[in-house]
Amino acid sequence: MTAVGKTIWAIPEGYIPSQSTSGDLAFLSHETVCMLNAGAGDANVSIAIFFADREPVGPYWLTVPPRCTKHLRFNDLTDPAPVPRDTDYTSLLESDRPVVVQHTRLASRKSKLVLLTTIAFGQN
Amino acid sequence: MTAVGKTIWAIPEGYIPSQSTSGDLAFLSHETVCMLNAGAGDANVSIAIFFADREPVGPYWLTVPPRCTKHLRFNDLTDPAPVPRDTDYTSLLESDRPVVVQHTRLASRKSKLVLLTTIAFGQN
Amino acid sequence: MTAVGKTIWAIPEGYIPSQSTSGDLAFLSHETVCMLNAGAGDANVSIAIFFADREPVGPYWLTVPPRCTKHLRFNDLTDPAPVPRDTDYTSLLESDRPVVVQHTRLASRKSKLVLLTTIAFGQN
Amino acid sequence: MTAVGKTIWAIPEGYIPSQSTSGDLAFLSHETVCMLNAGAGDANVSIAIFFADREPVGPYWLTVPPRCTKHLRFNDLTDPAPVPRDTDYTSLLESDRPVVVQHTRLASRKSKLVLLTTIAFGQN
């Protein structure tokens, strides 16, 4: 089977508001990255977080098992450091095997619920 | 005429909530894949659904007639198995002819209506 | 200067609801295609509209002047025929010069306002 | 390390409404372009704004520092001229080093909050 995807993915837009309308986890404001590893081996992915005015933080390491998807909330990243709230950031993912990456943000602020998505920018 | 599209398409983000605000079919939470077959022959498409922690399910088979579009709700897939609700998944489409694929999700939860879309990730 | 864009663009997702919450034109449900012609000559664009179960309709012709943008509402297309409401469709654009195409839909239904966008699928 | 991104980016859809529900800056209607410069040197970016019926305005100049992101609101551009409100426009970015560009619009109108995003169209 053909390898599906790319090994480098960028998501320029990133922002986790500290405010959230709901205490319900499903409706808590979050930034999510959804990854597909359609291949036969583990995909080892490192994530770096870039900021406007300081050095990048990372790498965060994660593994997407073969023939699996992983939906990861940036809110949940803690090692080496949590992603700061109310701060513009960008994420860059590098994988040792081809993957496909989609970015989704749910924002619940001021009793509003908004949801946005895009396939990330991929290259090899 | 040039063949339009690609033969492999991935949509990493997938999630069908079991809750829905409306009983009206048009406003029922759904995940849709919109496919264009601009060519002169049937496009035979197989879909596999990937999960976080188990083997993929599929293939689901469908045909997009020549010079036609098909808007398919993942909610409606039943063979070989319905797509589970409240579960993260990813879909991978493979077609025997070039097609173009766009992903749209409508979510109606807590009296909110949200709609998001992206062209899927395509390759040959 | 480098020519910017592609000559073939597809937007698989298309749907104009007949219901609209507002009588205000800015909030009327609409599907928009935004085109950039960054080049030095007119871009002559033909649009074909594809359906689930009948032959495509078109071509619709339009011109994007040099170094200009055009934001076109599918709602406004009339020649050779209006785009039917409450009907799934797909649009395919072909230009004699490179252009860049983005799709935006505003839906105002049931007092909700939703807005979605994606760069279309482009190829030469 | 591989250079990440492209040097030319287009965002066909652009529109800043003059109305805004909120006086709170975070909820003021805005168009944002998010740029990643993952490289080791400054990325010098020029932006041109295209209109439906007149010559483009620009260039607007900005610099994205090495290994940094910049989230820029089109609302904030002033030199050589502010971006007109209630007017369709398109933006074209050119960078002397590869960058990645994502477009986000927040619209707050009529007590509604909508948010949309897409990776821009990139090429070299």
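Chains: A, B, C and D, in written order; residue numbering restarts at 1 for each.
Operating definition for what follows: a contact is a pair of C-beta atoms (placed from the backbone, for glycine too) under 8 Å apart; a residue touches a chain by one contact, two chains touch by 3 or more.
In this text the structure is predicted, and so the values were computed from the model without any measurement.
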How would the subunit A/subunit B interface be labelled, same or different, where same requires over half of its residue numbers to be shared?
different
If I superpose the C-alpha trace of subunit A onto subunit D, what rotation angle comes out, expressed in steps of 5 degrees from 0 to 180?
90
For subunit B paired with subunit C, centre-to-centre distance based on mean C-alpha positions, whole Å:
22
How far is the middle of subunit A from the middle of subunit C, if each middle is the mean of its Cα atoms, in Å?
30
For subunit D, residues that touch 2 or more chains besides their own:
112, 114-119
Drawing the touching chains as a network, do you get a line, a ring, a star, a complete graph or other?
ring
Going by the contact rule set out above, which residues of subunit C touch subunit D in the complex?
2, 4-5, 26-27, 32, 34-36, 38, 65, 67-71, 100-102, 104, 112-119, 122
For the complex, which residues does subunit C have touching subunit B?
8, 10-15, 50-53, 55-56, 88-90, 92, 103, 105, 107, 109-110, 112, 114-121, 123
